[in-house]
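We call the chains A, B, C, D and E, going by the order they appear; numbering starts again at 1 in every chain.
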Amino acid sequence: MSVVLLVVIALPLLGAALLLAGQPAAGAGADGAGGRRAQWTGVAFSGATLALTVALAAGFDRDDARSMQFETDKVWASSLDLHFHVGIDGISLPLLVLTALLTFLVAVHSLGTVPAGGSTNAYLALVLVLEAGVLGTFAALDLILFFLFFEVVLIPMYFLIARWGTPGERGPAAFKFILYTLLGSAVMLLGFLLVQAHTGTFDITQLTVGAGDGMSRGVQITAFLAVALGLAVKVPMWPLHTWLPDAHTAAPTGGSVLLAGVLLKMGTYGLIRIAVPVLPEGAELFAPYLAAFGTVGIVYGSLVCLALLRSPDGDLKRVIAYSSVGHMGFALLGIATLTPQGINGALFVNIGHGLITGLLFFLAGAVKERSGSVLIGRIGGSLYARAPRLGGLLAFAAVAGLGLPGLAGFWGELLAMYGAYDPAAGLDRPLYRVLLAAAGIGTVLTAAYMLGIVRKVCAGPGLGAVSPVAAEPVARIEPLPDIGRVDVLAWGPLVVLTVVAGLWPASVLAVTDPAVRALLGGGS
Amino acid sequence: MTVAISPQGMPTASAHDSLSLVQDIDWAAVAPPLALAVAALVVLLADLFLAGPRKVWLAWISLGGLAAALVLLLPLNDGDTRATFCAPANPTTTPGCSYVVDDFTLVLQLVLIASAAVVVLLSMPMTAPRPWADERDVDSGVPGGEYHFLLLASATGAVTLVAARDLLTLVVALETLSLPAFALVGLRRDGRGGEAALKYFLMSVAATAVLLFGISLLYGATGTVYLDRVAAALTALDPRLETVAATGAALTLAGFAFKVAAVPFHFWVPDTYRGAPVPVAAYLSVVSKTAGFGGLLLVAGIALRPYAHVWGPALAVLAALTMTVGNLVAVRVATGSGDAVRLLAWSSIAQSGYVLVPFGTAAGEGADLSERLSASVAYLAVYAVMNLGAFAVVTAVGRDRPTGLLSDYRGLLRARPAPALAMAFFLLCLAGLPPGLMGLFAKVTVFQAVVAGGTGWLAVVMAVNVVIGLYYYLVWTALLFAPPVPGAPPAAEGTPEGPGTLGAAGALRVPMPFALAIAVAFVLGVVLSVAPQIVLQVLTVPGLLG
Amino acid sequence: MHLVYPLILAVLLFCIGLYGVLARRNAILVLMSVELMLNAVNINLVAFDMWLRDTLHAGQALTLFVITIAAAEIGLGLAIVLMVFRNRATSDVAALRELAEPGAGPKSAASSARTAPGNEAA
Amino acid sequence: MTLFEVLVRLVLVLLCFLVLPLVIGQTEHKVMGHMQARVGPIYAGGFHGWAQLVADGVKFAQKEDVVPAGADRRVFRLAPAVALIPYMVVLIAIPLGPGDLVGRSIDAGVFFVLAVMGVGVLGSLMAGWASANKFSLLGALRTAAQLMAYELPMLLAAASVAMAAGTLSLTGILGEWQWWWLPWQAVGAVVFFTAGLAELQRPPFDMPVADSEIIFGAYTEYTGLRFALFLLAEYAGILVLCALTTVLFLGGWHGPWSGDVGWLWTLLKTGLLAFVVIWLRVSYPRLREDQLQKLAWTGLIPLALGQLVLTGIVRVATA
Amino acid sequence: MTAHGYFSTYGLVGLVLLVGAGFVAAAFSANRLLRPDAPSVEKLMTYECGVDPVGEGWAQTHIRYYIYAYLYVIFAVDAIYLFPWATVFADPGFGATTLVEMFVFVGFLAVGLLYAWRKGVLTWT
């Protein structure tokens, strides 16, 4: 069975290779029959990958979710002490499925909307490479291997932004994205090497069992600082988040979905999988800071969103991007409690955010495509009237985003805050209570701006009233194309899963909880 | 070990007629450089008697000599250390041999010879009358016979350098490496070659003089030129001589620092690379530099090891400077003039910095020093592949687009997918990002050495530099994939002025040797990315540096 | 004779040479300065060889090689200088700027080739 | 060696240096005269004009010292001394007779002698350069070219003798000398002597001072005593060359009763060679510059290399 | 040989040098006393076949000398290897191998000469 996991990682790469090899010749029309074939190839490969991950989930021994399954451990480069060690447990399984799902949906989405900027082959190939990198990151059980997969993601994402992004801002945004994250991962690598230098192994399972054995407190602190810094850039933790809004805003719809839905999870996943269990003393020292920064992120993200809503050139995608900063702040807060509840909450935030924000970006893309602008002031409002189903879906996603009970966004935030109410022994309880309160205010602010979006975009009085600058009289009710068949296919699963995860949180928590407890208990 | 050592030190002291003062030479050990030297002579003579189109044979002879040298390396790879040209044994000192073939030597010789072979491939259209050369190559006016002779002579020096274990052989090999290289740079007869050669030459001879002065002081302080004996003598040095020895060590290292283009001894590099024929620039940046690092490794790692606590921090600063300056200026070139070769020149300076990093850990605690220095060897091997690959593509493109600007590469993917993809791969290797895993592994290796050596600040500086470096490599890579500038006139032959001139398919012809060179580098790169252990095993060779 | 005399002579020669290399702009004079430095090396080597009573005479052997190196360098150097002189009618190193970093001299082509990351969006 | 002994040797060397070149010069005048069917100097000093050169010297010493306005004054003035003194220094190393009858036995004698002789040519070069005169410069360059071309066969031929003797010391070489070295080293001797002539710029190798082409080469601007010193240097050069050839190839003081009159043999052989030098001057026309170079590179050097091989093989075979 | 003997030998050489210099100095002192001194512009003019000089004194000369200079330097330097070798090659313990080694060395020179000849460097043009 362990070969299935390998196939899951390799299949997207194979698809990417096929797509690149089938690149239409120079000068030939990029979007002819070749483009169509490319789209179906992408759908086929990402679909097959999704099917396999579902099969993995089905074959996953839920009673033993705490231990690694489908493991493969082969020496890759003995001189570096690098092993090709992959496997999944309850923590990585949901993320794996989420990744495969979102990639598949992006591929499906491309059936309807071919992004402009380059050949379709290349676009889908990059998406598939990205998927392979993320899947590998979630499956890797060797520090260097983790780092490798972490890096694999960079180049495809760079090109997705730089080639298919919004003209004018994509170049600098792509650079900002890649330089920030590379700097982070380089520092993270140093942390890994420091760990290895003192423990003699890169193996995550062994290190988890060891829980800091062999490393002095000083080494643990240094290593944690390095590792957490690298991951925090990816999360992104306030104040290292500045690359995120630009990248999101500039990226094409598919890129934004993957960036928000999948890539950001690598950061929190790394913190949960590596930083906390491997370097417990470092984690204990820095947990309050992480929590504080996370909470600042929550409040800050919300405030920026509110400000953007009010500004005449507030960008819908940028608002969603900043909402991500807030949501990931909850994940950080959850992790920083170092309690099973908090970490479970963080994982749930990951899933929920992946589903909801993915949906939001899809919708934002759809709105942009249909109305021609992504500036809230220019979309024109009255989406309910112009494209009722689209408007309704956007309202649903926004409501899910504010964490309405019964939807996927709720449980994660609740668990994270619950964890903060009663953090692990040794952490400063009053501080966490204060942070809890701040996070609570953050949820209120989140609700405020999410509803603001609904009001301005879906209900809204119309263009003229919002933006007096644009004096030209626009037809007040100009119907927009509503949801099409492909859109149903691409967005439907997200809607369904948002509801399912909201109503039946145990579906996720049952898998994650044992693994989290095992992790915090030193793997025993 | 097939070394016959006469017990007599001085010829005049030989009282017994039966004793031979003539040493047996381990011919197998010296065969690779010997093959190169013989090939050089054959090229020189063949040049005299081959006329017209048959001059193309010169390149093949050159390639044949290098291939023979490669083959001759095979029997040496039996795990034994072979030493020859040894000093008379002396019970109080270490063996003292001038020429030693061990794993270190073999790895570097392999890298050097293979790199030189790739350079020969790259030079073929430039030096051969037919079938690859056309009017574009004729303009360069590089004479084939001299070129290949000089190349082989220089390669002989390089191959000998990494096997040398005494200061004397080291110096002679270094000069054998350098002197033909000056001439190679100057072979381009359009004035730029002369200027490049003159700058390179003046800087180099001054550095050689400094190096020699350092060596003379080291010799005076220790009384020997054999590296291992120098080390032994330095550990038990008369305190009055310590200043002399330290000065000597500093000057010697400074001389080598020039050779490997470490900042602040790097000024010659960009101008020289720019002015030299591109294959020669490739040669300088790979073969000459690798050999220089080989010498530095030998001197620092063996002879001056007792002074590791002194040169360690100094080289650490040098490494940090080299990386930072190299990368920053490269960024400036990428955003400024956009000259491809100049960018590669600065990038190679930055890469030198990475190679120097393990040296910087010498003063640190932790694992064995030679294990850390092995990281430099591994990096050099990987660097040779990726840098040669990049230079190969630049040579091929530069043949059609003599302006040599980054903008020439815009849309290369459309015009020539294969070289463009290869170039992207090499650039990402240099940057150290997937899919260029080879470069990534090499950098991880170096990082590992630094972390193991406990020189944290250097690791951080290098991490920052990797990020800076990424910028310009990525600019270049992005250009490869960028669509040709819309509205630019379709690139016809003879319109080098227009931007985006590579748009038209077929505008760029890649002759067979170029294609071969690129393919070799690419395949090697992919293989090393998938199976890095092939190179990285040098890390685990016990006592790589004696 | 005391070792110190030849050594002082050598150091003096070396310093004069070094000064020449750093201060002179004429390629020929730089070359001559380098020769001075090499001769300082020779004095050092021979003096040390005598002083150490080196049975292997490594110092003297190295001296021979240094002489050879010096000769080879001079030969090659003059050839290069001559080549440059015939092209440019100068042997002043500072006057050779064609290959120098653009910006020091007028380079119109340089500005047109700007390849900042943002401009590929154009 | 006592101080007195040192002084005696110095004085003797100086004497040789001052007298023997004049003897050779006077001989040249007379021999040339007779070979050209005239008598040569006849008045000065009475007996066959023996004091002619002394009178010349006195005349030169009274002449005005002219340094051209455009000249590099310091170098111009120094040049004659540089041309002259090396030959005097060389004399000290040349053994006159067996035993200690030598100014000073020098270990690396051959090497020393050849090196110092090379310095003498520098004087001509300096003179040519400093004169600021096209013809002088041309002459100097010809001198240099000649030096370059002929130094090498000279070195190789001398090396052959050193190989045969297994030592670089001139006294040591003479100590090893056997009569059969004469045929063995004959080729080397011819090469050495020819090359030496060329280096001295004696006819037929006197292009550097070819008066019909470039006036008087490097010495065009010289007058008075400085010019005289150049002339003296030329004759001292002949002396040194002949003495060296004698020592290296003709067995020096070896000969019958050499224990007693060895020094006489040396002088005799040297004189004989000096006569040959004069004879050649009278007999051969001047070579062209290209012929000169060709003779050296395609004639003498291969010959010298051949001699080297021969010496090596014979030496190893008989060892 | 001891260092003392070494230095005393060349000490004498130095003395001869001094004597030579003294001789020249004495000659010029005498000359200064004896000679007249009456410079004139015409007298100090550069001499060129008796007519007024044309152009600069330091004229450019043909480059072909350079090739010879280079050849000379190569061979002269090679000779410094020849001399030390010449004194020992026939000593016990060396023999034919040493001889052959030097022949290889000289062979390289010969190849160089051959190369120069074939390339037409030695032909005066």
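Quick note on the criterion: a residue touches a chain if its C-beta (ideal position, glycine included) is under 8 Å from a C-beta of that chain, and two chains touch if they have at least 3 such contacts.
Note that the structure is predicted; figures quoted are calculated from it, not measured.
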item	value
Contact distance in steps, from chain C to chain E	1
Distance in touch steps, counted as few as possible, from chain A out to chain B	1
Chain pair with the higher count of C-beta pairs in contact (B-E, B-C)	B-C
Taking each chain's C-alpha mean as its centre, the one farthest from chain D	A
Most centrally placed chain, judged by C-alpha centres	B
Centroid-based (C-alpha) most distant chain relative to chain E	A
Distance between chain centroids, defined by C-alpha means - chain A, chain D (Å)	94
Rounded Å distance, chain C centre to chain D centre (Cα mean)	37
Gap in Å, rounded to a whole number, between the CA centres of chain E and chain B	39
Cα-centroid distance, chain D relative to chain E, in whole angstrom	13
Residues within chain A bordering two or more other chains	162, 175
Residues of chain C whose C-beta touches two or more other chains	72, 79, 117, 120
Parts of chain B lying in touch with chain A, wherever the complex brings them together	366, 378, 414-415, 417, 428, 433-435, 437, 440-441, 444-445, 447-448, 451-452, 456, 459-460, 463-464, 466-467, 470-471, 474, 478, 481, 483, 505, 531-533, 536-540
Contact footprint of chain E on chain D as seen in their complex	1, 6, 9-10, 13-14, 61-70, 80-81, 84-85, 88-89, 91-92, 103-108, 110-112, 129, 131-135, 137-138, 141, 144-145, 147-149, 151-152, 155-156, 159, 162-163, 166-168, 215, 220-221, 224-225, 229, 289-290, 293-294, 297-298, 301, 305, 308-309, 312-313, 315-316, 319
Chain C residues touching chain E - in the complex, by the definition given at the top	1, 50, 64, 67-68, 71-72, 74-75, 78-79, 82
Touch list for chain E against partner chain B, complex	88, 91-95, 97-98, 108, 111, 114-115, 118-119
Chain C-touching residues of chain E, taken from the complex the two chains share	3, 6-7, 63, 66, 69-70, 73-74, 76-78, 80-81, 84
